[in-house]
Each structure stands twice: as C-alpha cells, then as structure tokens.
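Scrolling down, you'll hit the structures one after another.
In the two complexes below, chain A is the common chain; its partner is chain B in one and chain C in the other.
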Partner chain A sequence: MTTLLDINDLCIGFSAYGQHRRVLHNVSMYVDQGERVSLIGQSGSGKTVTMRTIIGTLPMPPGRIEQGSIQYDGQSLLDLNPQARNRLKGTGISIVLQDPMLSFNPVLTIGRQMDDVVRYSDIRLGQSRSKAERQLHLIETLRKVRLEEGKRVLDSYPIMLSGGMRQRVLIAMALLNKPRLLIADEPGTALDVTTQDDILALLNTLVAEEGLSLLLITHNLGVVRKMADRVYVMERGRIVEEGSRDAIFDAPQHPYTRKLMDAVPPLYGEKVRTVTHDSTKPVVEIKGVTKDFETRSGLLNRTTGRFRAVSNVALTVDQGDIFGVAGESGSGKTTLAKLILGLMQPTRGQIMLEGRDVATFAGTRDFRKMIQIVYQNPGSSLNPRRAVGDQLAVPLTFTGEDKHTIPGRVSGLLDLVELPKSYASMYPHELSGGQKQRVAIARALSVNPRILVLDEPTSALDVLVQATVVDLLHRLRREFDLTYIFISHDLSLMRNFCNRVAVMLRGEVVEAGPVTQIFDEPQHAYTRALLSAIPVISDEEDAQKPKVSKEERAEVLATNTALEG
Partner chain B sequence: MIVYLCRRAATLFLVLLGLAILIFIIARIVPGDPARIALGPLATSEQVTELRAEMGLDEPFHVQLWTYLSGLAQGDLGKSLLTSRPVMDDIVAALPATFELVLFTIVLQVSLSIPLGVLAAVYRNTWVDNLTRVISLIGVVTPGFVLAIILQLVAAHYLGFFPVTGRIDPGVGFSADVTGLLIVDGLLAGRFDVVGDAVRHLFLPSIALAAAGIGQVMRITRTAMIEVASRDFVEASRAYGIPERVVTFRYMLRVAAVAPLTILGLEFASLIGNAFIVEFVFSWPGIASYGVRTILQKDLNAVIGVVLVSGVFFVVANLMIDLLLGILDPRHRLRTRRSS
Partner chain C sequence: MSALEDPDAPNRGLTARQMAAYRFRRNPLAVIGAFIVATVFLAAMFAPYLAPSPESAGSFVDFRNRHAPPSWDNPMGTDNVGRDILSRVLFGYRVSLGLVVGVLGVAVPFGVLLGLLAGYFGGWTETLIMRFTDIMLALPPLAMALAITAVLSPNLINAMIAITLLWWTWHTRLIYRIVKGQMNEDYVEAARVAGASHSHILFKELLPNCFSAVAVKISLDAGFVILFGAALSFLGLGVQPPTPDLGTMVATGSEYMPEMWWQAVMPGLAILYAILGFNLLGDGLRDMLDVEL
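Now for the complex of A and B:
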C-alpha cells in the first residue's frame, strides 16, 4: 500500500499577546491509500489544529509551524506555493465538519454553495464546464450520498432540510471534486443516534466505492470502533498511542487510552452499573398531559396549523427516583420538562408536584424552592459577566435569604460541588466546561430544591469529565434525598445513571419502566431501533443489542431524507 | 410574500395614523395660542377670537381632530400661518431638496462604511484597523453642526473646492420640474453641468450629515464580520477551495450585513433630525429649514405636516430595509411562527 498522507515530527505553536504556547508536540502519523484512520482525543487535545494544518486553514499568525513536514502524495504541503496549495483544497484533500447546520451558509441555497465549489475548482484547474453540466454533476454527487431528489435539494436553503439530509449534503460537498483524502471532524455527533448510524454506514460505503482514504477526528470511541482500521490517541498535543483498531480496543497500553475506555458508560455486560431504588411516594404526577403549538400565518395571523409536541403523556416519578426521559430531537422531551417546571401550561391534562397542581403552584416562592433545572450547556446558561459567587447569590436573594448569611452559603455550595471557595470570585470563562457545569448544579441546589430537572447535563462535556459530574450527581442525590428527572438522548449514560426510563417518540411515551426492563427486554420497535444504533466499544455489547428488522426500523423512524417545511 | 407586504402596509398605515393623532394632541397641549402668535401682540382680543374661529380652534377637541384627520385623508394639511400657503404645497416644494440630501447621504454612508468595516475586519489589529477606528471615532464624537461649520470654513471658504451654501449655483439656470431632484432631472435633461454642480453642492452637507452614521455602521460591520468569520461555514468554504475574495464578500458579508442594514434603517430617523441643523448651516432649501422656521413661529399645521413627513420617511425606510433583509436572508421569509 502507498502512503497518501505522511505527517512527520510536526510542532505547532500559538503566539498571542506576546505569549507563546506550543500546542502540537512532535506529531507523526500517516494515512495509507484507501485506509480509514481515526484520531481520538478530548476537546483541546490538538485534533482540530492538526486537521486545519493538513487542509491549510490554520490562521497564521497566531499559529506557527515550528518544525516538521506534511507529505501528501509525494508533495511537501508546507513547502508548496499558495496557488499549488489552493489547488489541492477540495480536490486533493476535503473535509466534512462536525455541525451540518453551521457548516452551510444560511442565506445561500444549497445549489449555489455546491456550484461555487465546482466552479472555482474548475477555474483553478483551468477546466470549463457549463452551468448545466455542473448541475448534472451536482445531482449525480447527491445521488452518491443517497439523496434522490437532487433538484429539490439544490433549490433549498439549509434550514429547509432535516439534520440527516444536511449531513448528507455536506458529505456530497466534500466529494464534489473527487478528493483522495477525506477528513471528517466528528461526523454525525450533532445528530440523533439513529441518524448518526445511517451517516456512518454511508461514509463506510463511500470510502469503499470511491476509493477514498478517511481521516476521522472524534472523541467518540464507539464511532471509532465502527469506522477505523487504525487509531491514533492524542493527549495534550502528543500522540500517546497508535495501533490497529483491534489492538487499541482489546489491549489499550497507555493509561490515558485505558482511562478513556473506562469512562465510556457501557450499554451491556458486567461493567454496567444498575441503579435501583424503591419508593412508592409519588412526587411528580403527570396526568394525561397534551401540549399543542399553533402555527400562525396569513394576513390576519390566524391559526393555520397545530403541532402536537406532547401527546397524552401519563407518568409518575417517585421520591428519590432518577427518572430518565429518552428521545431524539423533536420527540417532545424538552417541552415535557418545561411543562413540569411550569414554564408553559399544558393544553390538556394536569401535572402535580407533591400533590399540588403546577398550574396554580408555579411562580410561587415555594414552587421555586421545590424544583430547579440544570441546563445542557453551562457555557450559555451561566451569565458570562457575573462572577460565580454573584450568580450563586441570585437565587438566594430571590428566595428571601438573609443578606449576611449569603457569602457563607455561597462557599458552602461551592464545597458541595467540590470546587474551591476561591472560585466565587472567578468568571465563567476562567473555568473549564466541567467546572462550569458544577457551578450550574450548585446554582440549582442553592435553594435546597427537592426535585432537579437535568436537561442533558453532560452532553457538552468530554467523556472523562462526564464521569466525574455523574458521580457528583449521585452523591448529591444520596446526601439531599433528591429526585432527578434526567432528559437525554444518550441511552448508554441513562442505563448507568437512571433507575427508571421513559422513551418518547413524536410526543408520545412509547415505553416506560425500570432500566433493566427497558434495556434488556425492550418491547417497542423504536426502543430497539434506538438501542441498536448506539455505537458501543466491544463486540460483546454489540452482540447483546436488541435486533430490529428493516421494516420495523423504517416504520418508527422518521425518514431522514424527507424535506421539511 | 404578498401577504407579508399587505400586512406591513397595514401596520404602516396604523403607525402613521397613530403618529398623526399623537402629534395633533401634543400640538394642542403645548401652551401658547397660535392665533395670538400669528397676529402679534398688538392685535385686539376680538381679532384673535375671530382668527380662532376661522382656524377652528374654538371647536371641541374631538371635532378638531376629526376635521383634521378627514382633511389629512384628502391630502389637506391645513394652511401655514408663516407662509399663508397650504402646508401641503410648502412641503411638496421643500421635500425634494431634503430627499436628495438624505438619499445622497445614505449612498455615501453605505458605500463608505460597509467596505471600510469589511476592510477593518479582514485586516484586524493592523494599522488598517486602527486607522478606521480613529476615523469612526472622530465621525461619531463630532456633532454634525460642528463638522458642518469646519467643512464650510476649510473646504469651501479657504480652499474653495466646494460652494459654501445653497443647492445649485444661480448661474446654472435650471429648475428641477420632473422629480424635483436636481441630479435626476439634470440627467433626464442631459444637462451634465447641472448634475456636476448639484453634486458639488451636495457633497459637504452630506458628509456633515453622514459622518456619525458612517462611524457607527463601520464599527458594527467590523464586529459582525469578525463574528461571522469564526463560523464553521467560513472554514468549510475555504477548505473546499473557494477563493478568499468570494468567501469574504459573498459568504461572509451577506450574513454579516443584517446588523449594519438594520442600523442604517434606524439611522434614517436621525438623518432627518440632524438635517434640521445641517440644512440651516448650509442654507439648504429643504423641509428641515422649513421645519425650524415653523417651529419657532409655533405654526402648528406646518409643524404637524413636517413631523408626519419625517414619520413617513422613517416607516417607509424601515419597511424597505426589512424587505431587503428578507431578500438577503431566507430565514426571514421562511420562518413560520409558532406560539403556544
């Protein structure tokens, strides 16, 4: 096999405000023709810098290549003149970025954006094709990613497509100029697990069909196991381990790799931690709740359509439960959380918290002291311009805490979430993601609530950090006898964190029960489809996943090639 | 789209109706008797009563309002005490001059501020960025009338590059009869000397008027461009090999233009407001000079007329900006609104 990409002893530093910091240390790696290579690492490990250096989009300055070389197909990329370098963009090496929504220009049609890619590469390569020829080429490429309605896709704006379709179009964009090396940055991680599964399968097929080499950059070990022939593990700018996929997964050598493996919540097998809890004292009773949204349009702004976000949901959460609400985007799980928190009123039905109706109870001081929420992204749920201590003091002031006791309470809260007291004077941007989420948890706990709604509290965090936050949540629950309502699309995490689970599909609860029952004997086809799509990290787990037939799958999953809007 | 236009037109009508009523009420509340002012201190109280009756000021308030609004519906704004002519005629005569000035100012603002903002963003933290920052700061902090006087003194009086006051040289001998805009009418008549002279006259007042807006919009464009530059699609476009020039102007600027355009729409209101001073300094025969004179004379009908006209300006300008944003950004058009 010939080597297509060969990175040798690459060191990259960043200079800003007179300070210099090295972010890549002597990185060496290679990708053979037709090979699928994965680069694993947490955020900040240097994966993205590596990717940008290969493509040639690393901003320099502040970036600086200090030493090393990158050979692509026998040419030294770092020594090429700018024109020759540009000629390779999209045609030699191409990329698929992580977020299919953000990777498109929102104000131009898909067709315009795809056409630009072809047109300018034609100009660079001195070819000329007519607009009609180019359009044919676009439609043909869209067919490669299994999008049949090419013409309609081309005339759409990005927001008119579903997430899965956008991801497909994005892959088509990268394939337009028939590159030899495709770099994919976390493909599909911004999508639902079933859609992600489809996308990964598609990538694998394309690599084989088109004879591509694939460099996959990800933090998700399950994805790596599905997608890679060979793996590099990166930690703080250094390659700490490399090897074939099987070698890495069966016998990880480096402690960091082992730590990463251990932090992944297992779906099946003996490592699974089952949380049990027995209580028959209901604290949250959801009685036949339906929530409709109205679509308005026309001259007089009349109601022209109705969208049912939550449909006749009945659930009971008992004292001390960790109750998981699982579902993909659009399943209504967040709407349900908002209803429980009294932020919205149900169209029909009733929600009782400790026997009191939320409809009348919400908005009172007692209500706020009973139930609180921790949001998904601590980066945006914390106020960037307020010091941590001030943010923790806000809910205390509103629930009538004495001014003089507040500083003491604030340091008590920081203690509770295992942060040093000195952090009270720090601002959110000075903290890491995990620390920010701890502050958000402390803020929710400040009024001594009995129920916490956790809306994907760890999905913005790296897997190692996720593990520590989960431990913290377990400890807090024991200490304060809390009840959690945990909203997530991450079923592996749910398996190890919750004692009861409800699965939502298009606003309805299709299945609910103890975790062991839902995971070991899933009844509904949708639950099985979800479970079977989760990328796991061992063959044993793969073997224990429930089976779902193609017909069942097609029936329960909204087809992700349908046009929206 | 048509539904949207109809709805916007209906809102426009309601806003103007509200404005008309409000300004009418304010005009009636302010102390001082218009009839007394018009007749002067020597007039007898009989004469004042007579004029009040003639002007309808002795009628109950709601009758006055109704008379006023029904007149308004027919394009009748009443008579000006200052010029003794219908206010409508005065406005029609004065409006084109202001319209030309404001339009020229907006063109100047757009064509200077947006490219300079883009330039500052592309070369950020270099001398280019610093230079535009200084220019914009000077533009924002210098009051329009100070700048007007400085320009008049330096560029017109000492250097003689531009005329000091007026709209056109009396020697040119041309009257704009078709649209009232000298540049347009000059072009229509093939009189390029007229166009040149009009532009020379327009230049200084426009700069005085545009300066603050240029500084502001330039900074906003820069910030918006820098924000957009960090989005994924910019990196993706570069990686797919789309030339930098196209990435900047087609991909980034179209997304970034939303904020500066919105500000430019609001800028329209302050342009008319600032034009009061600038027109005064440059003896520009526009509606703003007319407004100043009528306010000082407490010529209520005329004041209401001027306020209504600037209201129409503002509302229409913002409607146009909204339509432009709809063209630029499909999300404005495609968004279906949901409510609970």
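Now for the complex of A and C:
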C-alpha cells in the first residue's frame, strides 16, 4: 500500500505578545492510500494546528514551522511554491469543515457557492467547462452525498436547508474536484446525534466508493470507533499513542488514552453507574403545559404564525430526583426549563413548585431561594467584565443578605465548588472552561436553592473535565439534598447521571420513566432511534443498543432530511 | 492563542491587561497618538508658563510688530495686530479642550444612558428613543449648529450647547447596538434569575461591557469636536475675540493668504496636530481593546 500523506517530526511554535511557545512537538504520522485515520485529542491538544498545517492555512506569523516535513504523494508540501500548493487544494487534499451553519455565505445560493469552487479550480488547473457542464457536475456530486433533488438544492439559500443537508452539501463541496485525501474536522458534532449518525455513515460509504483516504479529526471516541482503521492520540501537541483501531480500543497503552476512555460515560454494560432514588414527595409538578410562540410581522404587528414549542407536557419531579429531559435541538427542552423558572408564562397549563403556582410565585425572593439555573455555556452566563466574587455576590445581595457577611459567603461558595478563595478577584477569561462552570454552579447555589435546573451544563466541556463536574454535582446533591432537572442531548451522560428521564420530540414528551426502563426497554420509536444513533466505544455496548430498521427511523425523523420552505 | 491552552488549567502567562498593553506598545502610531494628546493637554494646562508672550492671549496689540514672519522671537510669526501666534495657539488649546470636555462630558453620559435604556427595555421605549435619535441624526449638523447659535447669541457656551445637542446621538446608536448584542448572552438572564434589579443589570452588568467601545469612541470624538468647534468659530459663531481660538485664528489669518501664510497655516497645523493625535490614539485603543465601532 502506498503512503499518501506522511508527516515527519513536525514541530510548530507560536510567537505572540513577546512570548514563544511550542504547540506541536515532533509529530509524526502517515495516511496510506484508501486508509481511514483518526486523530483524537481534547481541545487545545494541537489537532487543529496539525490540520491547518497540512492544508496550508496556518497563520504565519504568529505560527512558525520549526522543524519537520510533510510529504503528500511524494511531494514535500512545505517546500512547494504557493501556486503549486493551491493547485492541490480540493484536487489533492480536501476538507470538510465542522460547522455547517457557519461555513456558508448566507446571501448566496448553494449553487453559486458550489459553482465557485469548480470554476476557480478549473482556472487553476487551466481547464474550462461551460456553465451547463459545471451544473451537471454539481448535481452528480450532490447525488453522491444522497441529495437527490440536486437542482432544488442548488437554487436554495443555506437557511432553507436543514443542518444535516448543509453538512451533506459541505461534503459534496469537498468532493467536487475529486480529491484523494479528505480531511474531516469534527464532522457532524454540531448536529443532532441522529443526523450525525447519518453523516458518519455517508462518509464511510464515500470513502469506500471513491477510494478516498480519510483523516478524521475529532474529540469523540465513539465517532472514532466507527470511522477509523488506525488511530493517533494527541495530548498537548504530542502523539502519545498510535495503533490500529482495535488495539487502541481493546488495550489502550498510554495512561492518557486510558483516562480518555474511562471518562466517556458508558451507555450499556457493567461500567454503567445507575443512580437510584426513591421519593414520592413531588417538588415540581408540570400539569398539561403548552407554550405557543407567535410570529408577528407587517406594519400593524399582526400575528402571522404560531409555533408550538411545548405541547401538553405533564411531568412530576420528586424530591431528590435527578430528572433528565432528553431531546434534540428544537425539541422544546430549553423552553420547558424557562417555563419552570418562570421566565416565560405557559400558554396553557400550570407548573407547581412545592405546591405553589409558578405563575403567581415567580419573581419573589422565596421563589429565587427555591429554584436556580446553571447554563450551558459559562462563557456566556458569566459576565466577562465582572470579577468572580462580584458575580457570586449578586444573588446574595438581592435576597437580602447582609453586606458584611457577603465576602465570607463568597469564599465559602468557592470552597464548595473546590476552587481557591483567591479566585474571587479573577475575571472569567482567566479561568478555564471547567472552572468557569464551577463558578456558575456556585452562583446558582449561593442562595441555597432546593431545585437546580442544569441546562446542558457539561456540553461545552471536554470529556475529562465533564467527569469532574459531574462528580461535583453528585457531591453537592448529597450534601444539600438538592433536586436536579438536567436538560441534555447527551444520552450516555444521562444514563449515568439521572435516575429518571423524559424524552422530548417536537415539544411533546414521548416517553418518561426510570432511567433503567428507558434505556433497557425503550418503547417509543424515537427513543430507540436516538439510542441506536449514539456513538459508543465498545462492541458490547453496540450489541446492546436497540435495533432500529431504516423505515422505522425514517418515520420518526422524517423532517430531518426534508427541504424546509 | 487561548485555543492552545490546556483546557482545565487557569490561563497562565499574560493577563488580558498585559496583552492589551503589549498590543498598544507594538503599535507605533498609537504611541505617537498618545504622545501628541499628552503634549496638547500639557500645552493647554501650562499655557501661561509656556507661552513666550502670555499677554498675546488677551487684547494686547503691538502694531510695530504686526505681520512678522516666523522667527526666533515669534516661532509661528505674529498676527495682524502683532500678537504672538504660538502663545495664542497654546491658549487656543485651552478653549478647544474645554469644548471637548464640556461637550463630551454631557453628550456621552446622556447618549450612553439612552442607548442602555433602549437596548435593555426594547418595545416602546426602544421605538421612542431610537426613532428620536434617527430624527436627530437626519438633521445636517452644521446647519443645525448654525441655527442654534444664530438664535441664541454666538459665544463659546452656546456653541457647546449646539454641538452637544447633536453629539449624543452617535453614542446612543453605538451603545444600543452593543446592548442588543449583549442581551443574547446568558449572563443577563442569569442576573434576572438571581433577582437583580433593572438598575443593577443596566449599570453593573451591561455598562461595563460597553466601556471599551465608549473609550475608543470618545478618543475619536475629541478630534472631531475640536474640528467642529473650529468650524463654528471660523464662521464667527463660536468663541468671540479677543479670546484665542484656533478656528477664529484661521478665519482671520485667511484674509492675509497667501503672502502672510503663517497667520492661517500655523493655527491650522495646530488643529491638525491635535486631531491627528486623538485619532491615532483612538485607533490604537480600538486595536488594543478589540472593539468594533
């Protein structure tokens, strides 16, 4: 087998603000013709720098290649002149970008944006094709990514396509000029798990059909297991382990690889941690709640449309529960959280917290001492311009805490979330993601609430950090007898964290019950489809996932691949 | 390169402030701007001590020495009544900076407050404030200022009022846009969940996030206010003689162009110098604080 891409002893450093640091240390890796290789690493491990160096988009300066070489098909990429290197873009090496929402220009049609790719590469390669020929080529390529209505897709604007379709178009764009090496940067991570599953399957088929080589860059071990023949594990700019997929997953050697594997919450098997809790004292009662949003437009601000975000939801959360609300984007789970927090009023129905109606009770001091929230992204939920201590003091000030006791309470809170007291004077940007989320948890706990709404509290964090935050949440719940409402799309985490789960689909709760019942005997087709789509890291788990036929799946997920508008 | 940091260790190395200072120092134009602004302030502050002939700032006349070209005694020459132009420029900076402080001292807080209210409350408050701002923005500024100073009597205070009435609108627009963006951030909702009052959210949560943009805008504004004041004086609607004002000096000097060029050119250069300084400083701050205006 011939080696297509060969990176040898690559060292890259960055100089900025008068400081210099090396971010890649002697990285060597290769990709053979027709091989699927994965590069795994947490954020900041240097995997994106590696990718950008290969495709030649690393900003230099501040970046600098200090040592090493990259051979592509016998040519030394780093020594090629810019024109020769440009010729390889798309034709030799092509890339599928991560975010299907941000990778398009919203004001140009898909057709125009795809046509540009072909036109400019034709110019670079000195060919010329007529517009009609190019369009035929575009439609053919779209067919390869299973978008049959090529003409319609080409005439659409990016906003008219669903996330999954956009990702498919991105893949099609990467294939337009018949590359030999496809680099995929976290494909599908921005998408729902069922859509991601489709995209991964598609990439696998394409690699086989077109005889491509694939370099997959990801942090998700489950995805790697599905998509790779060989794996490289990267930690802090160093390749710490490499091997065949089976070798890495069956017998990881390096402690870092093992740590990564252990941190992934298992979906099935003996490592699963089942949280049980018995209580019949209801604290949150959601009674037939419906929330409609109205879209208004026109000169007179008339109601022009109605959208039902939450539809007739009835749930009861008992004292001490960790109640999971699962669902994909647009399922209404965040709206439900806002209704529980009294930030929105339900169109119909009633929500009771410890027997009191949220509609009349929200906004009072007692209400705030009852329920608080931890947001998904601590980068946004903490004010970037205020010191940590000041932010922790806000809920205290507004629940009538004595001014003189606040500093003491603030350091007590930092202690509670295992952060040093000195952090009170720091600003959020000085903290890491995990630490910021700890501050956000401390803020929510500052007024000793009895219920905590956790809105995807770990989805912005790396898996290793996620594990520590989850442990902290477990400890706090024990210490303060808290009730959690945990909103997430991550079912593997939910399996290990919650004792009861409700699954939402398009505003409705399709299934609810104890965690073991939902995961071991899922009743609703959607729950089964969700579970079957989760990328897991062992064969045993794969075997235990519910089997869902294509037709069954297509039925519940019908809207995902349909054209909107 | 925060993306390259170890994800769960605190950011080591430079603090944001150090990084900003580094960015500023590495920008030679910004440093020059800061230097120029500092010299203008110092010149205005110590004008009585620095001026070769402080009495030139008043109604002093010396007809024997009128229209003297630049020389060692009068580095910028003398004007039509024999006053030293350099001395008058130094005192003129006092008027210009006074104008800047007076105008921005009122217009900025007012504009920022309206912007905050419009962005935060939305709805009718927003419609009222922003449409009124739009109306004010639609008026041609010079014509408006002319009308105001013509109706009231032409003097420094009225010129200041006229400029202030027009100036706040830009700050309202700027802050409104920033606040609208910040309203999507979770920290605003988090503060509301924590029970924070409107005034807490407005002034303690949102306002600090507007500071850097306002700082940049102010430093850029300062130059334009000086220019606007000079334009009004040039038209005879600002500072009245004999108080030295750069705009008036250019106006009187222009009658003697081109033979006795220094009488118009020297105060003109002084205006240019100050505006250049403020603009370079503003651009430098913008790069350093990374704001978009």
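By our rule, the second predicted complex is superposed on the first by the 558 of 565 C-alpha atoms of A that agree within 3 Å, B and C clash if a C-alpha of one lies under 4 Å from a C-alpha of the other, contacts with A are read in each partner's own complex, and residues count from 1 in each chain.
Throughout what follows, a residue touches a chain if its C-beta (ideal position, glycine included) is under 8 Å from a C-beta of that chain, and two chains touch if they have at least 3 such contacts.
Remember, predicted model here, so these are calculated numbers, not experimental data.
Assess the superposed three-chain arrangement around chain A: do chain B and chain C clash, or do they fit?
clash
Looking at A:375 after the superposition, I want to know if it touches chain B, chain C, both of them or none. Which is it: first, second, both, neither?
Touch partner of A:375: chain C, not chain B.
Between chain B and chain C, whom does A:343 touch in the aligned arrangement: first, second, both, or neither?
In the superposed model, A:343 contacts chain C only, not chain B.
Return first, second, both or neither, reflecting whether A:398 touches chain B, chain C, both chains, or no partner chain.
Only chain C; A:398 stays clear of chain B.
Counting only touches as set out at the top, which of chain B and chain C does A:49 meet: first, second, both, neither?
After superposing on A, A:49 lies in contact with chain C but is clear of chain B.
After the superposition on A, what does A:232 contact: first (chain B), second (chain C), both or neither?
Neither partner.
For A:97, is the partner it touches chain B (first), chain C (second), both, or none of the two (neither)?
So A:97 only meets chain B here.
State the stretch of chain C that overlaps chain B in the combined model; pick it from 6-14, 78-86, 186-194 or 276-284.
Clashing stretch: 276-284.
For the complex, which residues does chain C have touching chain A?
1, 3-11, 13-16, 18-19, 22-23, 185-187, 189-197, 200, 204-205, 208-209, 211
Mind listing the chain A positions that touch chain C in their complex?
14, 16-19, 21, 23, 42-44, 46, 48-49, 62, 236, 341, 343, 363, 365, 368, 372-373, 375-377, 380-386, 390, 394-395, 397-399, 426-427, 429-435, 440, 443, 447, 461-462, 464-465, 468
Contact residues on chain B for chain A in the complex?
Residue list for chain B touching chain A: 3, 6-7, 231-233, 235-243, 246, 250-251, 254-255, 328-331, 334, 336-340.
What residues of chain A sit close enough to touch chain B in their complex?
52, 55-57, 86-87, 89-91, 94-95, 97-99, 102-109, 113, 116-117, 120-121, 124, 157, 159-160, 170, 173-174, 176-177, 291-299, 301, 307, 344-345, 565
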